[in-house]
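Common to both upcoming complexes is chain A, partnered first by chain B, then by chain C.
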Partner chain A sequence: MSTVATTDPATTPVEAFAQLEQNGVELMPLRKAGLARFSESGYPTVRDEDWRFTNVKPVAELPFHLVLVPLGQAIGQEQLTSKTFDQLDADRLVFVDGHFNADLSQIGNQPSGVTVTHLASSLAGLEREVGSLSGGDDNPFVALNDAFFTDGALIQIGDGQRLAKPVHLLFVTTAGEDGEAAHIRNWIDAGANAHGTIIESHLSLGKAATVTNVVTESRIGDGANIEHIKFQDLSKRAFHLASLHSELGRDARYVFHSVALGARLSRNNLRLRLAQPGIECVLNGLYMLRGQQLADHHMIVEHAAPRCDSHEYFNGILDDQSRGVFHGRILVQPGAQKTDAKQTNKNLLLCDDATANTKPQLEIYADDVKCTHGATIGAMDDDSIFYLRTRGLDAPTARRMLMHGFAGEIIERIRHDAVREELDALVWDRLEAEHQLH
Partner chain B sequence: MLEIRNLQAGIEDKPILKGIDLSVNAGEVHALMGPNGSGKSTLASVLAGREGFDVTSGEVLYNGNDLLDLAPEERAREGVFLAFQYPVEIPGVNSAYFLRSAVNEVRKHRGEEELDAMNFLKAVKAKMKELGLNEDFLKRPVNAGFSGGEKKRNEILQMAMLNPKLAVLDETDSGLDIDALRIVADGVNRLKRPDNAQLIITHYQRLLDYIVPDFVHVLHDGRIIKSGDKSLALELEEKGYDWLVKEAA
Partner chain C sequence: MRADTDTIDEFVASDYKYGFVTDIESESLEPGLGEETVRFISAKKKEPQWMLEWRLKALRHWEKLECPTWPHVKYPPIDFQDISYYSAPKKKGDGPKSLDEVDPKLLETYEKLGVPLHERARLAGVAVDAVFDSESIGTTFKEDLAKAGVIFCSISEAVQEHPELVRKYLGTVVPYTDNFYATLNSAVFSDGSFVYIPKGTRCPMELSTYFRINAANTGQFERTLIIAEEGSHVSYLEGCTAPMRDENQLHAAVVELIALDNAEIKYSTVQNWYPGDEEGRGGIYNFVTKRGICKTNAKISWTQVETGSAITWKYPSVILKGDNSIGEFYSVALTNNMQQADTGTKMVHLGKNTRSTIVSKGISAGRGQNSYRGLVQVGKKAANARNFSQCDSLLIGDRCGAHTFPYIEVKNPSANIEHEATTSKIGEDQIFYCNQRGLETQDAVNMIVNGFCKEVFRELPMEFAVEAQKLLDVSLEGSVG
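So, the complex of A and B:
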């Protein structure tokens, strides 16, 4: 375990910034621009249309505390065993509070032409790339991330290459103090016809109200086929802000799954631009919340080329006073003919106090397209319960089966067998252990 | 086996069944026919225990016990099976998992050993073959995205696996083409034994070309207005329901 000299923590954005300057001068233009944007905008409020249902005031009110150098606390492998995906046959990059931890990470033999490492180690040549895909976004958390990111994954898969094993990015927070924030930047570049599975998980080892702010930029090349599974299971006090900015090549296949079970508040911005013909893209998500939890998925899928498919499926199981937010904007540009865009958001409310806010938004400027959307919010379907009961299953078993099915509908779209099976079992256990069947 | 006496039932304050009397004995196949709105599906729902129907008078005895007193799942475990007119789609619930759970609930109730995954698969695959269902069927979610014919065949598959004493088939023929109808009817006929009974609810006679009933009853406005043997079904096919309705009036 490496020991690290501790420095006084920065307590204001400007102080923190002075510390960051020492880490890499090439990134300073990006960082400065980010800081300037954030200074201008501040944190979003519910007056911003994009944040109407998701109040980040509790984040804004936390002490500002960046983890710019690794915290002194040593994390051992024993603290990660028994965590989700620990037994998965995968290469693993572990980040602790936003800092790469070499001792906990294992990278096996990936073929030449594949790079799996942490971004801070290989920034040379990427200074101009980082920020190029997220650059157009006015999300204040992206601006903060530009200014303050410490590290993150770097995955490059060359043309025609495939990942020999899935890559598991494990982000853990250990912070013991409220407000300790890790800003993480991932860069994924899959070349033409590249293949691979990437798993991203976010877990807490401490119980403090930590903040993780993740920006992932991904460029998926022509004909590439990438599955990305994100699993967020942070502590019930944690805050998680994330955005994915993805540019897809001709005939690329990209499947992104979001399983959001943890955090007091989580927000996933998904921004996909389909600017080449023949792309197939699936965004598939499950959120299961209780207590005061909130999970927000906010998508903008832009169809800018003909013959692209984008399918969004999001199911939420909401208990207690929790809230699920879904915003799905599909923008079909003129010329994006033969677009096939489908969007569904289903919310199962287990409790009268739970809330679902769902906002599908189709903006279509082409005339030969197929776009559908549908949203449901409600309790469990009586007809389905009755059907199962007439087959001999008692009412609680029927409800459990339906709830499992509701989650299973999403989980079964995960193509990677071991990941799907592990998540299926985990979700089942969680439903059994945590969600009251009324 | 089934003894329905002066059964009156409805939804909210609207009476639908206005005094049904019907006896079904082991080994018998009964057909219940009638025009739309006569109360056929209501009777099926009341027998299966669907919520929302109020029984205002009469009784239903099943093997001498009060059937209406039992929860839907208890009826199923006691051997009552309803094949739905509109089988419910249950996305996300795997067909094999669902069916094995159901079969084992019923077996447990009967004091039989539960089927493990292997034995279940062996049993279900044999039945699926008879019904012309592909093996991938088991991996699919229950009824989700199934064609009309697949849904009906799935009902018969469930029936075959649960091995009921009393099967109520609610408009199982609706929406089937002639080939599917024949497969479904063969499936039903294969389940007929001296110790079980079938109540076949249908609007049209054509199903009865393949499943030959011992008795035919005509339901109109919540009452059985005529009972007879299979020739009654043929007469209805020829003349429609109107003459009977006039006769009863």
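So, the complex of A and C:
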């Protein structure tokens, strides 16, 4: 049995669980609890405040198709060459439809104290950890992931260690049938003063309406410094649901970038808890959409300790009938004094039918804080175009320049040079090729 | 500064000076809500059949609704059967024909509240409709206004005298199905004000309604309807107070504004319902639906100063239906002690070249929780819509909260939407600077707060601006120590 298909996840046959049990019997309570939670909640609807602008009905209407063992067709190395980050000097973990593929992966020599592998290979000792950071979330997709995840990355960086090379997690879908779903769970544990760059990319090799449902839990230790770059460029029929649950240690630095270009519908839940003093956290995102695409970034940054900074920057370029959704909530708990939180969401509408929905929220229970948010939605600024034209540029060039600048603002914040340069070039080409200016 | 300090001293003894009760014989309906309640109120008002039917439709709809839980406020569930839906001062005979016949005790009450109802108040230049519990007890300057063609009376009177206008406009901006409390109001509303400004008329004086809750255990459900015909202009003020009581009282009002082509309505509120004591006992639950609709080139401006109520829950909104129409919202909301406020606005841009401005200033002190919640919506056809929103919060003390929940939904690329929000506290350096210049800390706080709110106060008619400033000073008394 390679796949299991039903109409409703809640009625998944028992064989599926029997298969999953082989991955670790200790995980069964988590899986059963997840399924029970999902049976109770069902898929979210637009009546749920958190899903108001993102209708997941198309996902709910797909057959529910679990890929419990790797699908038959082999993927050759050649199919991955020329894909993004292929030339990057990095360790590479490749997951095909949610299953680790050793042939395609390359893991070099990382220092002792650093583990880079796939989760299913070394669950021992982690059964209690997995789910501990995402546990409090009532997102139905997290519940589904709890129940059915097959594999994902495991990155552990010991105290004071640093990754010798960036780790590139490449998730590809090959599925040929609509509704085939990869449920992926990543576990990242960075010890005190650990350093590293993690790149996560999601690509489609098939054209079917696949679903990827990713849950990433990361624990970033005291004084650790981690950069996490997520690149999502799935096919225009794919659905992508992701959720990041991060707990940060004292004086930790954590930078997360999300570049969302693909998928018919993508949703990124970002949940960060800043429960130790002195944390600095940056969430940085760019979405460029066309056709019927929808990209949703939904974040909750909880400041529960004094002297933490959190900065969020999200820019969206929306063409055709696409929709960009942004929900940002900064929650400052009593006692989280000297918080410095900033939230910006800018949307550029290129077409009459594009829509932007933004909800930048502040919830503040402490008084000695600096919290600001700003949001803008609109077409390109006429004054800026005029200014450039007075400098001798023609109107199309002026517009192109502004558009590249708008995207570049976000890409520029990526600290890893090679990754930044590659994404910069990719975004540039994509804008030139796909978003003809009106 | 001297005058302000005096004001504060004046209030040191009692924080809420409007907390007295008028001992007057009143006629109250037994607590409970059902068809009989609605029929009773309607009969009491001698309403025509269509009005009663509208109320009953609302009641039937309300019975199907559930109390909303999404606001960022906490309160125990309200037992709607435990509220009296009608209370009015007992009338002798057929009731007063003019203000001269009104019970002197009532007049005294308003005198005490600083609202002169006698025509000798001509100097004040403001026409007042005074609403006491469920009844309007009188309206001043009626004749003068009538000369200009302006109709200003209680809504019960309007149902009798101008049924065609009421029937044409009532429920057109806030339908009876709108939301839980608006539906409840539609079923049981008792009184409120009605204003009609004829075509091309500039209302010769400021109009005002003063709401007073007196009776215990009653809810106040007033309904206000303002119609500004083409090219007319009106400025309307609203004030409210209530006695100090240990139990919570419900106030669920609906206000509908209709600004036809080229008309302008300016609606100002100074809301000072009893806020409850320091421990959060008592106080008014102020759950209000206010909305206006603008036709071509029309303008509606809401200004509110919210210092009272245990819980404030209101979103004065503007539907910018006509091309070139303008909506404005200026708000100062203060929460002290255990007060909670969830307030803001909705600007719905439907017409072309529509503009809206939102300036919201929230001040939280003590254990107060203050939320701004706003929606800016730009429809597909609303080309060149422009919105500017600014919501600033000021925190005084470390146990209060300030929250911002803006919603922005844009479906037209020519829209230009900007939203800014900041949260800050009164800096120690600012206080130090003032202290150094010889100002007491409390005076310094008042000064800083007034500066913080200046943009909003500027929008208020002058008499109100002075009152609002004093109110803020009083409400903040003791919050810094």
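Rule of thumb we're sticking to: the second predicted complex is superposed on the first by the 422 of 438 C-alpha atoms of A that agree within 3 Å, B and C clash if a C-alpha of one lies under 4 Å from a C-alpha of the other, contacts with A are read in each partner's own complex, and residues count from 1 in each chain.
Here is the rule we use: a contact is a pair of C-beta atoms (placed from the backbone, for glycine too) under 8 Å apart; a residue touches a chain by one contact, two chains touch by 3 or more.
All of these numbers come straight from a predicted model, not from anything done at the bench.
Once the two structures are superposed, chain B and chain C can be ranked by residues of chain A touched, with C on top. Of the two partner chains placed by superposition, A:Leu126 touches none, neither chain B nor chain C. Shared-chain residue A:Ile107: touches no atom of chain B or chain C.
Shared-chain residue A:Gln361: touches chain C; no touch with chain B. Of all residues in chain A, only 381-384, 386-395, 397, 401-402, 404-410, 412 touch chain B in the complex they form. Interface residues of chain A facing chain C in the complex, by the touch rule stated above, are 49, 53, 334-335, 337, 347, 349-379. Taken together, the chain B residues at the contact with chain A in this complex read 48-51, 71-73, 75-77, 81-82, 84, 87-88, 90-94, 98, 101-102, 105-106, 109, 141, 158, 162.
The residues of chain C lying in touch with chain A in their complex are 70, 72, 378, 380, 393, 395-425.
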